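See below for the structure under consideration.
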Amino acid sequence: MMTAEVKRKEGFLYELKKNRALWVMLLPAFVIVILFQYFPMAGLVLAFKNYRFDQGVFGSAWNGLDNFRYLFQSGTGWLITKNTIVYNLVNLVTSQALAILIAIFISEINNRIFKKLTQSFIFLPYFISWVIVGTFVYAIFNYETGVLNNLISSSGGEAVNFYNMPWVWPIIICCFNSWKWCGYNSVIYIAAITGVDREIYEAAAVDGATIGQRIRHITLPTIRPTIITMLLLNVGRILRGDFEMFYQIVGNNGQLFNATDVIDTYVFRSLLQSSNLGMSAAASFYQSVLCFVIIMIVNAAVKHVEPDYALF
Amino acid sequence: MAKQAEAERPMIKTRLSASSKVFYTVAYVITAVEAAICLIPFVILIASSFTGENYIRHHGYSILIHDFSLKAYELIFKTPITVLRAYGVSILITAVGTFCGTMIITLAAYVISRKDFKYRNQVSFFFYFTTLFNGGMVSTYIFYIQYLHLKDSLLALIFPGIFQVFYMLIMRSFVQEIPAALIESAKIDGAGEWCIFFRIILPLLKSGLATISLFLALGYWNDWYNAMLYINSEKKYPLQYMLYNMLQQTQALARIASQAGIKVMDMPSNSLKMAMAVVATGPILIVYPYVQKYFVSGITIGSVKG
Amino acid sequence: MKKQLAAVMLAAATGVSVLAGCGSSGSGSGNAATQSAASASGTSAAAQSGGLDTSKEVNLVMYVISNRPAGQDAVDENLNKLLKEKLNCTLTINWIPWSDYANKYPLLFSSGEQFDMAYTSNWLNWTQLARKGAFMQLDDLWPTYAPDNWAATSEMAKAEATIDGHLYVVPTQKATYTAYGPIYRTKFDDGKEYTDEITDMTSMETYLDWIKANEPDLKPYQVYSAGSEMDDMWMYSQGFCASKGATNDFLFYNPEDENPKLFTYYEYDGVNDFLDMMEGWNGKGYYSKSALSDTDSTQVQNGLAAMQVHNIDTYSGLYILHPDWGFKYVNLRKHVAHLPYTQDSMAISTTSQNPERALALWNLLTTDQEVYDAFYYGILDTSYTLDDKGEFKITDPDTYATSAMWAVRTNELDRNGVGTPDDYVTQRNQWEEDIKSDDTAEKYAAFTIDTTNIETEYAACQSVQQQYWWPLELGFTDKESGLKEYQEKMEAAGIEKVRTEIQGQLDAYVATLK
């Protein structure tokens, strides 16, 4: 009798019936995700088609891997893939690190007004669109009238042509990225830190723990799952560059492309030159597949080391 | 509410040892510097919006207002109806999107955090998968227009961003804070699932709701991308898209101006761009401090699996 | 874990199969649309003698690229009153803003949206769009429903609009010329005046030197993120033509040769002279060292730079804007020819339900001054005014603008702006005469390249061109190593394949000339 009941409970239909209300609660999310995310995935066949406007996505003829060729023509594909991954990794680490640092500081600081003001201010860059950031970047770094060069020359130094020094741009991009997202990300960390049980802190204070010890032994361990999840979630997006950021900061300046070109900017420029939608779809497909593979590997690795923190 | 928030904030008294003093100094200085770096560009932006165009062209941007001029704002509000309508569209999609999105996300987060929901892991992964794989701009566009008929519809501004897996994971962490026993005892008392959700769970999720609705609202308010793809008629432009248009115009023109045939003389001026940015960001900046106080409780987002 | 994945895959698979069903029915209806379009053109052929039936009122939809002027509603209303009366139709104009055209324009044709007319051009890659089935084929429709326009369009324009033996676009009738040269300012705010004239590359340098010495606040030469025009200028002044007929091209030929051969920069003997000159200019600070990141393309217009290189229309625009700055213009191109008329064209979408009426409207727009004015300039004395010479002026540029459907212009109907410099008209007439006496370059005006087979390589070469040639040209990279690297990258991108393909097309074109 016991076994029969267990068996019956395993059935999907039984589950559906038992948790009817819960399934209904899931329904809106299901419908949205299927309609707006899963269905368009079928359009990925476009990546393998010689797309004709009059024949549509499904009517156009197959053309194998032709659409992918342009990505890898003359080795560009590897360069932009490498750039995309490296930028995302570096940006991920630096922006999260800054957000965590600021979050810890803000939650340790006791002056309420200072706390409120700084927390509001660091959110401001989120609202400044990349186009405007791009304008500022040129105003800061250009050779003749740039703010930085004015500073250098007024203090007796020799003006620096930043636009001829590709290696500084990864740093510049990384700084702007951290600057822009610090407020947004720190909200999550501040919330996580505030969630730590007050009594633990008080107990630590009674035991005479220093602030450093408290942060190391209480704060960091408690927000560790949050950190790891944030990292993993972002790793899942590692091949999708923030197009606007790169495009607005670097623009059309070919001098910097080797150091700054990511998949999305390269695809955008190709689309301008050829209007070939198949190429664009091929790049999306390539990004999706690589993202999937990378997250599978990373997740398996995390699972191996710390099963609790694996994403799935 | 403010008082309650105050009470929840950890108040720890520490003896101010020498190392603590160093720590606090460093903390104050670094936070202040970071805040300044974030504030200054914004001040420049505001100052530039009030600065005469000629001054900017010849001297660049400045943190102070030179050659005070309201011309940029006069231009924006020359046809106030356009700007007001864009405000209306932005407010509408933000309000509807945020409300519905918060509801949908919370419901889903609640279900997948229920330990007695057998397929919670599969369902979570089903959602998570969409962040890894997507159709890409082209096929998404074709699908939305041809099969969902979203061209020039405000729904195209609301639906694509309404369900965000990341926010669902955040929300789930809030739900997980609620003891399962609460649900159990309610069940024993004979409460239905919907009753439990609305009467018991939802009231306990205030800060979670505040957090994700802020994120959702920011997302909707700042979104121009969907408007760019799907909206045709100017009457349906949201504010950020108007801004984006104005800002990008210069660049797009610069790109093709070298090609023959087109003779375009009027470019939006620098001060106009800045003024437009101020107009578009203003409302959120006014609202933000009021929302901020709700971020009090903890989020520890976990993995996709339950 | 595996089970979970299987469940997800299953879910995904069901999603996909549902979609596939959806898709086939969708593409089915797409086919139906093309079929109905095809049959429409069939009936049009049948109705050829009967003329167009305008008893049913239709609304036509037109796409143009530009930011919509604030006062456009009134202009549309005024136009539609006229169109209702003359052709029993109304016109809805959709504006794709400048910020989005790169994505939105090609997507427009993929969405299956029903619309009738669109502006198109070489910078919108019209030939590729036409080859990929975005435009309706106009072999019968055009002569039938836009007969006056058809008669007024030159044979050369028709040849340019033909792809694989079919007509796909209706080109503009307004002649434009390949003439290219410096537009330079001669009067300055401090009262100084430059009295010499630029006549060649050497005197151009003299001018730039003078600016550097006398007007230190001005950049002598305007360069911004779209690259410098000086390379094109240099090649044109030597008498060479670009294979694509556009700027920023990388393959050139000499139209004076009997059998012209394509060459690129690094194969050209004069390249070192050119790079020496530019290196010198960079050293002397004729333009910003950060020029390629500067998005301001209006430096001359706003008094930040003294000279730019462009065409006569830009000159005229600047002259109208700043009559007291003493702008001058000179063409330095050795052989002037007509620019392809197709650089401003109108295309009928494959999805159009009323291509006949659309062409009839086009016929009306390009032949009737009243309709043309209402369409292109708007409402007389509200959006524009006319002076006694018939020149127009937009009353309030913040509210109104001329239409962005540039293809509609014809030599007869188009008006000059108030304050157009006198030499705008005389120069253009002069070039028309020049072309009659010297057809060296004009012979090749109808030569258009087809990149279907080399799409990948062509795109890659363009990319290399921007990445390596632009900085090299401006003297930002070392001359020798830079040129070598540029060559290597071009070869890796497949320039040889591109050259072989285009050379074949050029040879075939030359054969038709004989």
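What to note about this one:
All chains are identified by letter, namely A, B and C, in their written order; residue positions are counted from 1 within each chain.
Keep this in mind: a contact is a pair of C-beta atoms (placed from the backbone, for glycine too) under 8 Å apart; a residue touches a chain by one contact, two chains touch by 3 or more.
The structure presented is a predicted model; accordingly, all values stated were derived computationally and were not measured.
When you average the Cα atoms of each chain and compare centres, the chain farthest from chain A turns out to be C. Set side by side, A-C and A-B show the greater C-beta contact count at A-B. Chain centres here are Cα means. That of chain B falls 38 Å from that of chain C. With centres taken as mean Cα positions, chain C sits 37 Å from chain A.
Each chain gets a centre from the mean of its Cα atoms; for chain A and chain B, those two points are 15 Å apart. Along chain B, residues 119, 121, 125-126, 137-138, 142, 147, 244, 247-248, 251, 255 each make contact with two or more other chains.
Each of residues 38-39, 41-42, 57, 135, 251-252, 272, 277, 312 in chain A touches at least two other chains.
Counting partners per residue, chain C has 4, 12, 22, 26, 102-103, 107, 110, 112, 225-227, 295 as the residues that reach two or more other chains.
By the touch rule above, chain B contacts chain C in their complex via residues 57-58, 75, 78-79, 82, 119, 121-122, 125-126, 129, 137-138, 141-142, 145-147, 151, 228-229, 232-234, 244-245, 247-263, 265-267.
Residues 34, 38-39, 41-42, 51-59, 66, 69-70, 73-76, 134-135, 138, 141-144, 146, 161-164, 250-255, 257-258, 266, 268-277, 279, 312 of chain A are the ones touching chain C in the complex. Residues of chain B that touch chain A in their complex: 8-14, 17, 19-20, 23-24, 27-28, 30-32, 34-39, 41-42, 44-45, 60-61, 103-105, 107-108, 110-112, 114, 116-119, 121, 123-128, 130-140, 142-144, 147-148, 159-160, 162-163, 166, 168-170, 177, 192-194, 197, 207, 211, 214, 218, 222, 240, 243-244, 247-248, 251, 255, 270, 273-274, 277, 281, 284-285, 288-289, 292, 295-305. Note for the complex: chain C touches chain A at residues 1, 4, 12, 15-16, 18-20, 22-24, 26-27, 30-31, 34, 102-103, 105-107, 109-110, 112, 124-125, 128-129, 132-134, 225-227, 285, 288-290, 292-295, 350, 451, 455-460, 462-464, 466-471, 476-477, 489, 492-494.
Those residues of chain C that touch chain B in the shared complex are 4-5, 7-8, 11-12, 22, 26, 67-68, 70, 94-95, 97-104, 107, 110-113, 121-123, 176, 217, 224-227, 229, 246-248, 295-298, 301-304, 310-311, 313-314, 316-317, 321, 339, 343-344, 397-399, 406.
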